[in-house]
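Have a look at the structure below before the remarks.
Order as written gives the chain letters A, B, C and D; numbering starts at 1 within each chain.
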Amino acid sequence: MFNLSLQELLQHLINGLTLGAIYALIALGYTMVYGILKFINFAHGEILMVGTFISLAVYNVLCSTATSGMMIIVFFIISIIIAMISSGLLGVVIEKIAYKPLRNASRLAPLLSAIGVSIILTNLAQIIFGTKDQRFAYPYNNDPFNLFGISITPTHILTIIVSLFLMVILKFFIDKTKLGKAMRATSENKRIAALMGINVDFIVSLTFAIGSSLAAVAGILYALDYKAKSTMGLLIGLKAFIAAVIGGIGNITGAMLGGLLLGLLETIGFRLFEILVVSIYSIFGKSITGIPLGLKHMVAFSMLILILLIKPSGILGKNVREKV
Amino acid sequence: MLNLLIIVLIYICLFCILSLSLNLIAGYTGLLSLCHASFMSIGAYTTAIIMTKFNADFLLVLLLSGILASFFGIIIGLPTLRLKGDYLAIATLGFGEIVVNIIINWESLTRGARGIHDIPTAKIFNYRLMPKDAGILSKVIYFLLILIFLVLTYAFISKIIKSRFGRALEAIREDEIAAVSMGINITKYKVFSFAIGAFFAGIAGSLFSIYFLSISPGNFTFNISIMILCIVVLGGMGNNFASILGALIVVPAYYIPQLLNIPFIPPQFNQIIFGLILVLMMIFRPQGLLGRKKPDFERIIKRKSFFIRSR
Amino acid sequence: MKRLSVFFLIIIAIILFSCGEKTINIGFIGPLTGDAANYGKLMTQAIKIAVEEKNEAGGIDGIKIKFIPMDSEGKSDKANLAIEKLASVDKVWGIVGAVFSGTSLSIAPKCETAKIVMISPSATHKALTSKGKFIFRNVLSDELQAIVFAKYVFNEMGLRRIAVLHIKNDYSQGLAEDFKKVFENEGGVITIVESAVQDDNDFKTQLTKIKQTDSEALFIPNYISEIAQILEQAKQLDINLKMLSADGFTNPEIFKLAGNLANGIVFSGPPNEKTGVNNLKEEFENKYFKKWGEKPDSFSLNSYDGAKILIDAVEKAYYDLNEKDRSKLKINRDIIQKYVANTKGYKGVSGNISFLDNGDALKNVGISISENKDYKQLGVYKIENNNLVKVE
Amino acid sequence: MTLIYTKKLRKEFGGVVALDDVDLCIEKGSITGLIGPNGAGKTTLFNNITGLDKPTSGMVFFNEKNITGVSPYKITRCGIARTFQNIRLFKEMTVLENIMIGRHFKSSHISFSNNRSLNALIGFFNIKKEENDIYRTSKKWLSFFNLDNFHDELAKNLPYGRQKELEIARALATDPEILFLDEPAAGLNPKETDELMKLITKINELGITIFLIEHDMKLIMNISQKVIVLNYGKKIAEGTPNKIQNDPVVIEAYLGKEE
């Protein structure tokens, strides 16, 4: 009745971890921006998309001259770096143009402005890069290897390693360096941070740059497995945002946790939920083969509503009381 | 040519109803809702399902659609209204996605992603509405119908805004804590605001579905919610007249480039301009074209005599 | 206020200016922006070729044919506006479109009352052609394609246990359901039916489930972007099932997207029928490639044929007129409809086309396999007396 | 007669004790002052009585009715009104509208049910009469505070002192039995403070009990009949102004222990 073997379970686990690692990387950008500016950078997903396309373009141009497998890997790394830099710049430019003038406006204004930016970027990308899916060829041999009936690809491993590596570096940067301290101070209170001699504008720009370049990496890792597309940013962006909320927005560790959790919930969690529904049906003597897996997008949004109701500050977030 | 004009007018009226109802929620009560298209879809699907199964009198179905949408407004309202600001926005966005997902996957009722395409033409007291007839008269009649509902919506919302009820909503927008210590039951008022807003959105959805006679989940995407929000923001939040002005600008701006079909410009251009409008509005005039207060008609009439003689 | 009125004046001026010269107008409605923009683009390019060919040959009695593509974004509100504009401003004699079933169904009543012949190159929803006599479809209905393919898979390929993974849109779901019905009737077993929503690109959960079943093959009746994802992810999960697909697979872009993984897939689609020495399909594909730098998909072939049939019908109706009416271009719309409906055995690039009484296209179905980044036809089939018959 | 009394009112914020078993009582018709150093828990006490915070334990009685943990809007409807430390006006609304909000729950002509908002909806056609009543009463309060000239002004455009008055007027519009004032004199100059003092007495003469937090000792000692002192969430003293001024415990709390 259950049709759930251990292999399948572990396979879902691997799939979920990979997806979760990507969510976590993107969630970092949201959480950093929210921490400092207290608004949702709706265009974050689109920055990710642009970064991916830039990297893809550079990679394709370079690879046409490649002669050996080693060169391709080098070119891949170069294209990642270029994409990180350029999308970091893009993030900063967007912040300067579309968000900075709104820093003292009502809370709705920057959100709407961000939605506008997101529309502009999506459509510009459609004009420049076309509307089709584009393949990001693996720079290495991506044949899966079998481990006790579970198949793992090099991309899975790469995704998890790169994400963890970047997250650890970021955590170190925020916790231990001077700039990181300035960032934390700014997120606590912008005015007082400015009084303490912190260049708030610079810190905000830096936040956008870091968040955006992490998003570019996430986009590239995602595109390796799922192809690049001009509309790829919206849904994955939203889900990453939800991951950030689940973990506790404004909290770096929370974003990582939330991302991984959401990735696992969407795969393994949803599969278990399906089995639960099927067995409940079978108790009442009805037999169904399963529930439509398209419903898995509901997982993220239901989680969002649930977490906001139970613990609005997220798993790791601090409770902030409004002073009366 | 006249045909086109009437259709654009019909769309404008439709979006006016939607933006007025969102304005009640977002503009007056200060709750940013990103699931307005979902309320619309609930109304539209209710109409479509009842019409295909029973072919009842349209006015009855319309009312039922509104009530069901309003019921969903309450369902979303009760748990999420304790949230504030951006969080509420995202939660409503999530609710919208959930509604779309359910519509797509509940195939026995909604026919899933394929949509309902054989909605019978609506009849009101045995008069059949055929807005897609080649003749212009049937379009004009449909237009008048939707105009009546627009006027009713406007009248109803303006009336409650001017009352105690509306003042309570505005107080909630301004300061929830102060409002509650003035004896206002804010949860109840927020839910009511959502319920009324959703009711009219449901009405708009119902009118939508008897106009197009075919609906699918793709008609009620997030983009539509955003467009409605843009209308409200462009005109000015918390101002009914501004919502209508916003619709008068945004809706033609949305459809006219499509109609013009300028060949050498990539079609994405429309959307880019739309995005630009949003960003530029926010930077240079975030309070909207009109701001919160109604235009002082008397003064305008004294100065220039071109404006509507309202009141 | 002033600026606004200037804006509107300019718009009106442009509209007036655009209808200067006397032309015979043909419309197209489909997504030129948004997620599905690529389909609309490929189709309009095909129709442009058809129109240019006619115009280079002198048009209809010297009158040029004008092609007016309208963007629908795949949404019924925009499609509705588009058809109104085509009907009242451009006064088109017929349209090719709309691309999706939803939009097609939405504009069909208007086409019917305004007597505009509508030939959809890609809307496969069953109900479409029952909307009126002006509504045609130059694409295999889901049903016909599924019947032929399911019978082929069961009888010719000898497969008995098949898993299905479809997307929740009208094209994919329709094919999957009809395929399941026919295949089970034949005596086969559908081991599992999995679905995903549109715009989804993570199918690993579904594929992991499919992997656990003991299926012989996987049927993926989707558009290429999803097929490419599925192939890629199936490989990552080490799934080595035989892959089956449908006419959505005929877009050659798939070889760019999925590379070698796209090889060895058996699918149904428009037939590549030889007519004498000329191979129309190949010729058209080469011409298309030369002009636009990319290859057409099967829906573009359908669009090209649809446009050709439409233009021919308008031309015939035109020559039916007397001299006076010709100069005033008073073509009878009912007669255009009659000529289109009478199309029998038209030798098009998408196969031989005949329209049934209800407006559906009767075509043979080609079964092909992808090899070395190209398609190789295995045979052309049709249904006779509920049996699969190979057409020689 | 006692209007409000609390029994062992306690509030903890995650381990930090903000109110430590406070017992107090306020006589009807009196002016009672609440003082204490910064962070003593004065505003927390206000919040716990008016329902904005839920006490961890203990009880609050108003007119012999237990109002512990009741929703704040219901408490307001019982007859407790308050102002806030940092002004919380409805900034984008006019002065008149601000006061009309205060009349919100007082006005309902036809009663289809106990549900007031439903009444407001159903009583759609009765709005005019109801509005007129609200308008008249609100006008009355405007004149009481000499705010007539400002009635169409947006609240945010008023001078600071006027905003403070408006907040009090808004609270009074709810026809309370008791008015809680949270630092009404903060930010006012001595002349304005004097006027405020007169105003508070005038309000008290209308029969409204007053309970106020204040740092301005002159004001508190001049007008209150009783003063309560809080320190670290504990009530350390209670009594007439004279007694408090000479209480060594209070002096110690403010000035520290003399070595």
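As a convention for this text, a residue touches a chain if its C-beta (ideal position, glycine included) is under 8 Å from a C-beta of that chain, and two chains touch if they have at least 3 such contacts.
Not measured: the values here are computed from a predicted model.
Q: Suppose every chain is reduced to the average of its Cα atoms; which one is closest to the average of all protein Cα atoms?
A: Going by the distance between chain centres and the overall C-alpha centre, it is B.
Q: Suppose chain centres are the mean of their C-alpha atoms. Which chain sits farthest from subunit D?
A: C
Q: How many angstrom between the C-alpha centroids of subunit C and subunit A?
A: That pair's centroid distance is 36 Å.
Q: Using the average of all C-alpha atoms in each chain as its centre, how far is it in Å between subunit A and subunit D?
A: So the centroids are 48 Å from each other.
Q: When the C-alpha atoms of subunit C and subunit D are each averaged to a single point, how far apart are the two points in Å?
A: A distance of 72 Å separates the two centres.
Q: Among the residues of subunit D, which are close enough to touch at least two other chains?
A: 52, 84
Q: Quick one: which residues in subunit C touch 2 or more of the other chains?
A: Within subunit C, residues 33, 37, 168, 197 contact more than one other chain.
Q: Counting only residues that touch at least 2 other chains, which ones in subunit B make the list?
A: Those would be 101, 104-105, 177, 268, 271.
Q: Under the stated contact criterion, what part of subunit C meets subunit A in this complex?
A: Interface residues on the subunit C side: 33-38, 41, 168, 192-197, 199-202, 204-206, 208-209, 211-212, 224-225, 228-229, 232-233, 235-238, 253, 256-259.
Q: Going by the contact rule at the top, pick out the subunit C residues touching subunit B in the complex.
A: Against subunit B, the touching part of subunit C is residues 4, 11, 14-15, 32-33, 37, 68-71, 74-78, 80-82, 84-85, 87-89, 101-102, 105-106, 109-110, 113-115, 125, 127, 168-170, 173-174, 197-198.
Q: Could you pull out which subunit A residues touch subunit C in their complex?
A: On the subunit A side, the touching residues are 3, 5, 7-8, 11-12, 15, 19, 123, 126, 130-135, 137, 142, 144, 146, 151, 153, 155-156, 225-227, 229, 231-232, 235, 266-267, 270-271, 289-290, 292-294, 296-297.
Q: Name, in rising order, each residue of subunit B that touches subunit D in their complex.
A: 159-160, 162-165, 167-168, 170-171, 173-175, 177-186, 188-189, 192, 238, 292
Q: Please output the residues of subunit D touching subunit B within their complex, sorted ascending.
A: My answer: residues 50, 52, 71-73, 76-77, 81-82, 84, 88-93, 97, 100-102, 104-105, 107, 116-117, 120-121, 124, 127, 130-131, 134, 170-171, 174.
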